[in-house]
Amino acid sequence: MKPHRTIARAVRGLGVAGALALTAALAPGLVDAQTRGGHVIFAQGSNPPSLDGMVTSSQASRNITMNMYETLFGFSEAIVPIPILAEGYTVSDDGMTYVIPLRKGVMFHNGKEMTARDVKASLERYRRVGATANLLSPVREIEITGEYEVTFHMVAPAPTFIESFASPRAPAVIIPEDDADADPGKTSLVGTGPFKFVDYVPDSHVTLERFDGYSQDGRHDGPDGFGGRKTAWIDRVTFRVITEAGARVAALEAGEVHILEAIPMPAARRLASSPDITLFENMPWAFSVFILNAAAPPTDNLKVREAIQVGMNMEEVMAISSEGLYQLNHRWQYPGTTYDPGEIGAEYYNLGDIDRAKALLREAGYNGEEFVLLTDSNIPQHNKAAVVIAEQLKAMGINARINMVDWPTALNLRLQDSGWNGWTLQMGIEPYLGPVAVTATLASPARPHFVVPDPTLDALYQALISGPTVEARQATFRKIQQRLYEIFGIVKLGDSGIMAAARSNVKGYTAFRFPRMHDIWLEG
Amino acid sequence: MIRFLLARLLSAVPVLFVVSVVTFGLMWLVPGDISAELGGTDATAADLEAIRQRLGLDRPLWERALAWYGALLQGDLGYSYLLNRPVAEAVFERLPVTLSLAGLSLLLATVMGVLLGILAAVRHNTWVDRGATVVALIGLSTPDFWFGIVLIILFGVWLGWLPTGGFVPLSEDPVGWARSMVLPAFTLALTQMGVIARMTRSSMLDVLGQDYVRTARAKGMRRGTVIFRHALRNAMIPIVTVVGVITGVLLSGAVVIEQVYSLPGVGRLIIGAIQRRDFPVVQGGLLVTACVFVFVNIVVDLLYGWFDPRVRDAR
Amino acid sequence: MPADAAHAAAASLGAEIARARWRRRRQFAARLFGHPSFLIGFAILAAFVATAVLAPCIAPYGPTRINYRAILAPPSAAHWFGTDGFGRDILSRVVWGTRVSLEIGVSVVLLTGIFGTLLGTAASYVRPLDGPIMRFLDGLMAFPGVLLAIGLAAALGPSATNATIALTVAFTPRTARVVRASVMVVQEMQYIEAAHAVGAGHGRIVVRYILANALSPLIVQLTFVFAVAIIAEAVLSFLGVGPPPPAPSLGNIIADGRSYVQEAWWIAVFPGVVIAVAVLGLNLMGDGLRDVIDPRQRRLRHGA
């Protein structure tokens, strides 16, 4: 049934030198002994809202869909946009046209070849139903300029267009033209990825199987971020939804699942020395933030917001909410990345200065008004952070009350001007995508996080997206960082990580933004 | 008999109507809707409004209610935006899991409960009786979901004998199915076993004290024959009643146990749908569950008549 | 018979009844506390109530005091029941948690008692209302109680008050049925007819005669409602719709511990044991009450 597995066993009998030679013959360019075949079970905590890759920005969906679909461009391991289904692109000097040749011979799971018509149809659909359809708002028109070429005509020059177009948040995946008119969630779930859809039982599992007609990207030696040369070794992968963290861990230990998206840290510490389990640290993974509502009293007062900023002990919040997997970071970028703004704002971070907070509160004329701390029951990091913050606010003399609701309600409430003062949130994908994505959530017009727009910040955002060079954008981002520590509309708590875990017989797995089911294999 | 059945079925109609109205009322009260779930964290108010319009959630409640009842009369339970499939399909796919969980635990609870009860009654006022009574009471007083967690720690984690959760369909792997159902069924059975044991004990005590049982014993019939053929038969009437009540309780309890053991049953479907505001699933799911309830009650009534000739003849 | 003579007769009968009732009450109390189940149950409940009332004196730490240097510490001299993921003392949380359970339990009992009595009496005493009320209650009973409570709690938002409302709605139908059944029996009795005959008003008849005599099954039923309510609070919290953090309830402590069953079993186990003991106490009390109030009804046991 699985000839390669037998060979691999024989290989181990031959000793190292012989093994290397044989493996090289089987899979040129790779050193390890991959085994074809097997069924990998991956466990995650929540149900994918949709498997229609472009309509949702949920991580639970992305975990699965990024194995099924591909985009024209995507991020490399080093978070640089690279062509995946595209051959590349050329921009006209005025920045108004992008000519994008496509890779030839790329097959969909339905056996048809991808052409420019599919690409145009997919992107037109993205404009209508894509979860972040504004990604394409800089594009005026998509023109088919060849069997394997599309040309984007822009509204205005957008220097950071390709970066945001490569965003995996709600990926602009390429699907067959036949699905172009399908309502969200009603497509045939056909893509070009290394795995194809088999079945989906909501609240239970999604099964994919290897797509044998997959067209590898020959420009690379191996996988690179969201793209590169992908090789599917395993026959099948099942994404099991196990909502309970403890049950997920138990299933991993029992060998019922092979890979966990995230393992709670106490369990990770317990299993660190287990020979059966391998841990994969994903650090940093997300910003932990605390959003203040500048429209409702008492947080409409700048002094009150400043008091909260200086009174808080970020280390305590992070240590508890992340269960110990965190780094302290006041920056609105990860340290050491291209747009790292440095020490700006550090003087306000992790002070835990209760006296200064009390003085500021007095100055603000704070008089025991209720502070409603909005959080949700679904995401443990959110509600744990809220519990710790509430205790700290009380220590400052703020009359804090937690309002814990379920996630949809929280999303609804925080769009209101009143009824809440603070909201805890993990910003997962934006920091990964870079300064534009982070700032976009805070500036007009998208601005889901700030209730009261700040004109200075909005202007800086415009400067950021139109900044012609990296240096110009870096300078702008430093100003943004500065501004955020002037208006105190959002408190940066720190960076948190996540810990993935796998059975030790899963080989080739690496920590990444989504679980790559290609280039992993089962041993033994 | 048939008239009785028809009358019972007809009387279920207003009950189900109340169920659907209450469900609609709840949906109206629940803040938020599915747009947040579909739109995700980054969606702006305008994005959410667009989703609402697309799904018709911006229409007034009465309009949606009318459309829903209209479809229901044609046997259509509606469509789930989130699961992306007809509600009926989703519910009926889950129903066997819930029913088999409830059915298995009913069996376990009845067998264990009746045996424990008989034991206590036959050894009335001995340490066996007291022991059985204490076991029954402890079963009755233990929160079942907590007991489930304790069993997971014990059998799943420490001993590693049974899976800690998850479900294997019977059609795929009967052994795997049995393994995945043992702990949940036992957890759920525990509480109700206590109820049945207590019922059986008192009912048996009544019967054992009656003249004909004493006569049978006096005539030299074997103890086992007396207990199982004569006494138990007559003690069954109240036991059947209690079993009927319990079936409802078990269906309800199954909802929680499904959560504890991650079983894909109707309860988990409905709870997930409530949390994600997938209203058609909540409505359809509750209606189907209520139908099962009503149906079970009718069956219990019929059984009751079968066990008690007086009721049967009166009809 | 002249009306005033009838009233006089009724009054002397009333005085006789009152004397008899007083005598009966003393005997009743004596029998109740002579009943071992009731006595044990009463002692457990008393301890539970004492813990709840004296929580500030008993708990060694503040129930919400965070200590990030003592996260998930196992039971020790400093923390008898260990600590949770926030480094909070589980013993203190359990002690304070009994307050929430008790508050919810008592409120649900009172509300269920009131609404159950109103609906049950109305249904049996006012005949035209019987059909509609009972169909409505049947409708509510056709929901799995937990789902109804979850739906309500989701609709109203998680809080102790809303959990109380949800549980009241879930438990009232069965209580109303119990009341209705016993009122139906009582109102056919001759002394009710007699009261009608001497021209007593409906209100007086219902309160003075019918309810007073239908009270025993109600009280027995309510002890079981109390027991079930304590468990149900835990279930709601477990499902995330109970009293919200950081205030502890026995249920939300178990829910917290659910994620740590392997690393920190003590979080989920201790509050569960406390619930089981408290409910055991209530069940024992209920059994004792039932035996003493009405030995024939021994088998009438209503689950929830």
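Order of writing sets the chain letters: A, B and C. Residues in each chain are counted from 1.
Here, a residue touches a chain if its C-beta (ideal position, glycine included) is under 8 Å from a C-beta of that chain, and two chains touch if they have at least 3 such contacts.
Given the structure is predicted, the values throughout are model-derived calculations rather than measurements.
Taking the mean of each chain's C-alpha atoms as its centre, the chain lying closest to the overall protein C-alpha centroid is B.
Between the chain pairs A-B and A-C, more C-beta pairs are in contact across A-B. Between the Cα centres of chain B and chain C there is a gap of 23 Å. With centres defined as mean CA coordinates, chain B is found 40 Å away from chain A. One simple way to say how far apart two chains are is to compare their mean CA positions; for chain A and chain C this gives 48 Å. Residues of chain B in contact with two or more other chains: 31, 152, 157, 259, 275.
Looking at chain A, one finds that residues 244, 246, 250, 378, 405-406, 409 touch two or more other chains.
Residue positions 154, 157, 258, 261-262 of chain C each touch two or more of the other chains. Partner chain A is touched in their complex by these residues of chain B: 31-34, 36-45, 48, 54, 81-84, 90, 93, 152, 156-157, 160, 163-167, 259-262, 264, 268-269, 272, 275-277.
Residues of chain C that touch chain A in their complex: 64-66, 68, 71-72, 85-87, 154, 157-158, 240-241, 244-246, 258-264. Contact residues of chain A toward chain B in the complex are 47, 49-50, 55-58, 131-132, 169-170, 184-186, 201-204, 240, 242-244, 246-247, 250-251, 253-254, 256, 378, 405-409, 411-413, 415, 425, 441, 446-448. Per the touch definition, chain A reaches chain C in the complex via residues 244-246, 249-250, 264, 266-267, 269-270, 315-316, 319-320, 323-324, 377-378, 380, 383-384, 386-388, 390-391, 402-406, 409. Partner chain C is touched in their complex by these residues of chain B: 14-19, 21-23, 26, 29-31, 137-138, 140-143, 145-147, 149-150, 152-153, 157, 192, 195, 198-199, 202-203, 238, 242, 245-246, 248-249, 251-256, 259, 267, 270-271, 274-275, 282, 286, 289-290, 293-294.
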